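Presented sequentially are two complexes of chain A, the first with chain B as partner and the second with chain C.
Then we have the complex of A and B:
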């Protein structure tokens, strides 16, 4: 049976998108020029990254269920495919943010600012729009210029330029996004072909490709977190950061997959999904919330305990200026799933899964907000109509695209060697 | 009703009945031990006695008999401690995490892995114990009231967290292992003809009668314990890693340590399980239960955890440069190019490169290759801890404090001795305990046994 995107749901998604579009336009013009539209760009970045994270988490779980020969999740394949169909759109949003950063329309990435990377500056050009910089006195003398020490020079960031430079950043970004989009399309095509052909050959092809994707994602999930997020707080570094961001992607994805599945069931689709499937989905959200909390806490505890100035500054900013969202989102993302999903019955209760799932969805949005905003807005943060409007708009776009993707293929995979086991899932 | 996909490979080979499983598992306990067992236990207990002798010498003479010096204040002692704790991770991971993931293949390996865990944790606990110097005051690590004349423990110290983490882990692992043994002890009791042995196994089995009620409670308690033990799998090695990571020593203080230590622990634990089981399946003729597929699954766990460890090594290396902190950078430059570079490259080869061989199906289903690689991994994981501990310490901030660490015969003796004790205990376990969870195995015979699988019933 194919899913039909009802008019009611369509209208709702358009309303949400309209709210988003209005906010995006109004936000751009209402924000004063002096701030370089930082708040606007930050919001674009937060939403682009958050929804990309959800889709990437879905693609990761898709590959994982293949590589681990997980039978019960076979019933969810079309739902997961729909969630990761959002990867290209979220990628475009991020690319826009990065173009903005490269063109200096925004200052999300401090290290893209040429003024801090060079040790010397030609004195006479200092106050002009295009100061002339030199990396050494010898170079300047060779060019016949009199230079002075660049007062804005930041030697820590300058030392990172071998990695943090615009061309290399773009190469990496395009490789990541290209790989994600290519694998996502391949898995989707394989899945649709399997519906027609059946057999095991195609299944084993998926199994092998999934293992390859897991290896690639193991590396890219860390490096993309450094490139896109950690480099916003350019001085700061943490080896755990990549895994922390990855765990957030994974839990957010499982949460959305669960909510979407429950929506479809409530509309009379996916009748073969039973309470055991729900229980397993609930367990994933529960367990991954712990994983995320564990990594959050490991990073926080070690940095707080050691209290080394170059590291601890990251948390000092967050605790001094962002106390409520910083600790609030930890409580939402840790304590609520822990307490609420502890019991077996809660994990089998659709209403409960949706209600708590919605809270977690917002909780991880605030986590993404906390990853990005303190590095771009510093203590001048807001959480108001613009943040909410952007988030609502992107949620609408996400709903619209994912539900449209769902209409394009039968909601239940027709042939998979594990389909029968998945249909008989009982725990 | 449960239906297992035809595509899944059988987990019990051959034409086995319920009775055959009992005979195959309990047989070795009832019959006389083979000569090889006597030979092995003689060798390992001689090594064990030598090790205990070294411990006695150490305690009666003092820690000065180790090769430690003013700069390298921790070396083999803590390396061995972390190595053993790491090995002790596989058991609970297999019994708890794989239970939650409903991995049926765990049933052939969980019993011996849990036994191994318990023995490994005991070996680990020995090292901080003997390092205290005055081992008779070991109870001072507990927060005892001041009437005992002790000082109140320092709750800010990760070393104290270790005491709690490891003792909790040990108790839960022991209970988990024992609960699983109860129905199997009952099976042995029912078969024993010797009245003394029957009595002993009767006491050990807590009067298990095999009623449906017993089984319901058994399954419930297994799930509860699995739920409790899973966080412990993470917490123990996370806290062990914090012994280093809460410090401000370059090379020790890094946030990735907790999850990366956990992954490394599972990695080394599975390697040790493989080393032991590959011998055991041969000697005790358990090839139909611990099949090539089981070995392959374990090898896949080794690839995954080994690669996670590899990613962590490279992350640390990259961030040490990226941080721009000169001490941090130097700690890593010194690791891969300093006087201990040989140990760094040994670690890299054994832990990161060699497990990648398991990507080839031919290698991961080859028993000899697996056996060799499992030992390679264990050597690599020992070096990992040695590299972290000694290379980060030996070149202190002030070059006048730079020094090297050389182990003495006591260092080596105690370490080798723990291997002897470990194997002695494991051999005793293999002789007197059911080495497979035979009653649990029976539950999957009809769905995953080669003869029954895919039959219409």
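Then we have the complex of A and C:
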């Protein structure tokens, strides 16, 4: 049975998108120009990354359930495919932010600023629009220029230019996004072909490709979080940052897949999904909330304990200026799922899953906010109409695209070798 | 009269397939037979509600053991590290439990898990009378290998003769039926 995107849902998604569009336009003009629209760009980045994270988590779980030959999740395949169909749109949003950063329309990536990367500057050009920089006195003498020490020189960032430079950043970004989009399209195509052909040959092709994707994603999920997120706080580094971002992606994705499945059930679709499927989804959200909290706390504990100046700055900024959202989102994302999803009955209760799921959805949005904003806005942060408007708008776009993607294929895979086992899932 | 004696007669019906046993249990319960227990080398999913076994309360026990572990760990660390003799380790705050809480989280977490897991396992073994050294209660040693035994007591099934039940079990796929007198 195919899903029909009801008019009510369509209108709702368009209203949300309209709120977003109004906020985006109003936000750009109402925010003062002296700050280079930092708040506006930061919001674009947060929402682009958050919804990409949800879609990437979905694609990861999709590959994971193929590679581990998990039968029960076969019934959810079309839902997961719909969620990861958002990857290209979120990618475009991120690419716009990165183009803005490269063109210096925004200052999200401090390391893209040429003025801090060179040790010497020609004195007479210093106050002009295009100062001339040199990396050593010898170079300057060879060019016949008298130079002085560059007052803005930042040797920590300058020493990272072998990795953090604009061309290499773009190469990496395009490889990540290209790989994600290519794999997502391939998996979707395979799935639709399986509906017609069936058999195990196609299934094992998916199995193999999923294993390849997991290896690629293991590397890319780490490096993309360094490139896109960690490099915002350029001086700072953390070795488990990649896992932390990845665990956030995964839990948000499982949460959205659960909510979407429950929505479809409430509309009378996916009748063969039983309480065991729901129980398993609830377990995923429960367990992954622990994984996320575990990594959040591991990162915090090690840095708090060793108390090394270049590491603690990250948490000092957040604790001094962002205390409420910083600790608040940790409590929301850890304590609420822990207490609420502990019992078996709660994980089998659709109303409960949706209510707590919505809280986690907002909680992880604030987590993404906390990843990005302190590095771009420092202590001048706001959480007001612009943040909410952007989030509402992108949520509307996400709902619209995902529900549209759901209409394009039967909601239940027709011929997967594991379909029968999934139909009889019982725990 | 023979039927009026105080002895309980049980029927042990052996199956060699868990799915066949599950189907047979469904059949028998539908015909009004009360099944006392099933002995199996592994858990059979979906059997509990069929034969009327109540949901286990082990999760609640586990939660309470976990809470006990958490409280004991925090109490212990407060006493050792702050109350009795404040210890300065790496210059971390040593005069308040709350300020030094991050250092105590790993130990609290581990002790919570330790108490919950061990408490749950030991409670389980006591309730099932399977602590090490306790005599085995399963009717046939083959149920620890690859066979499944369904136990039906005649006192729980008044109005049905053991022969009748035996006949039902045979047609449901039991490979062997034994009757036993329990004291």
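Basically, the second predicted complex is superposed on the first by the 427 of 427 C-alpha atoms of A that agree within 3 Å, B and C clash if a C-alpha of one lies under 4 Å from a C-alpha of the other, contacts with A are read in each partner's own complex, and residues count from 1 in each chain.
Quick note on the criterion: a contact is a pair of C-beta atoms (placed from the backbone, for glycine too) under 8 Å apart; a residue touches a chain by one contact, two chains touch by 3 or more.
Computed from a prediction, not measured in an experiment: that's the story for all the values here.
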| message | Taking chain A as the common reference, can chain B and chain C both be placed on it without clashing, or not? Answer clash or fit. | response | clash
| request: Return first, second, both or neither, reflecting whether A:40 touches chain B, chain C, both chains, or no partner chain. | output: neither
| field | chain B versus chain C as contact partner of A:343, first or second or both or neither | value | second
| query | If you stack the two complexes on chain A, which partner ends up touching A:305: first (chain B), second (chain C), both, or neither? | reply | both
| query | Does chain C touch more residues of chain A than chain B does, or is it the other way round? | reply | B
| query | Is A:426 contacted by the first partner chain B, the second partner chain C, both or neither? | reply | both
| Contacts of A:176 with chain B and chain C, given as first, second, both or neither | neither
| When the two complexes are fitted on chain A, the stretch of chain C hitting chain B, from 135-143, 153-161 or 171-179 | 135-143
| said: Can you give me the overlap between the chain B contact set and the chain C contact set on chain A? | reply: 301, 305, 426-427
| query | Which positions of chain A touch chain B when the two form their complex? | reply | 69, 71, 155-156, 159-160, 163, 200, 203, 215, 218-219, 222, 226, 235, 237-243, 283, 290, 294-295, 298-299, 301-303, 305-306, 308, 310, 417-418, 420-421, 423-424, 426-427
| remark: Within their complex, chain A touches chain C through residues 297, 300-301, 304-305, 307, 342-344, 426-427
| Hey, which residues of chain B end up touching chain A in the complex? | 1-8, 100, 102, 231, 234, 238, 242, 245-248, 253-259, 307-308, 311-312, 315-316, 319, 322-325
| task | Could you please specify the touching residues of chain C with respect to chain A in the complex? | result | 45-46, 59, 63, 90-92, 102-103, 105-106
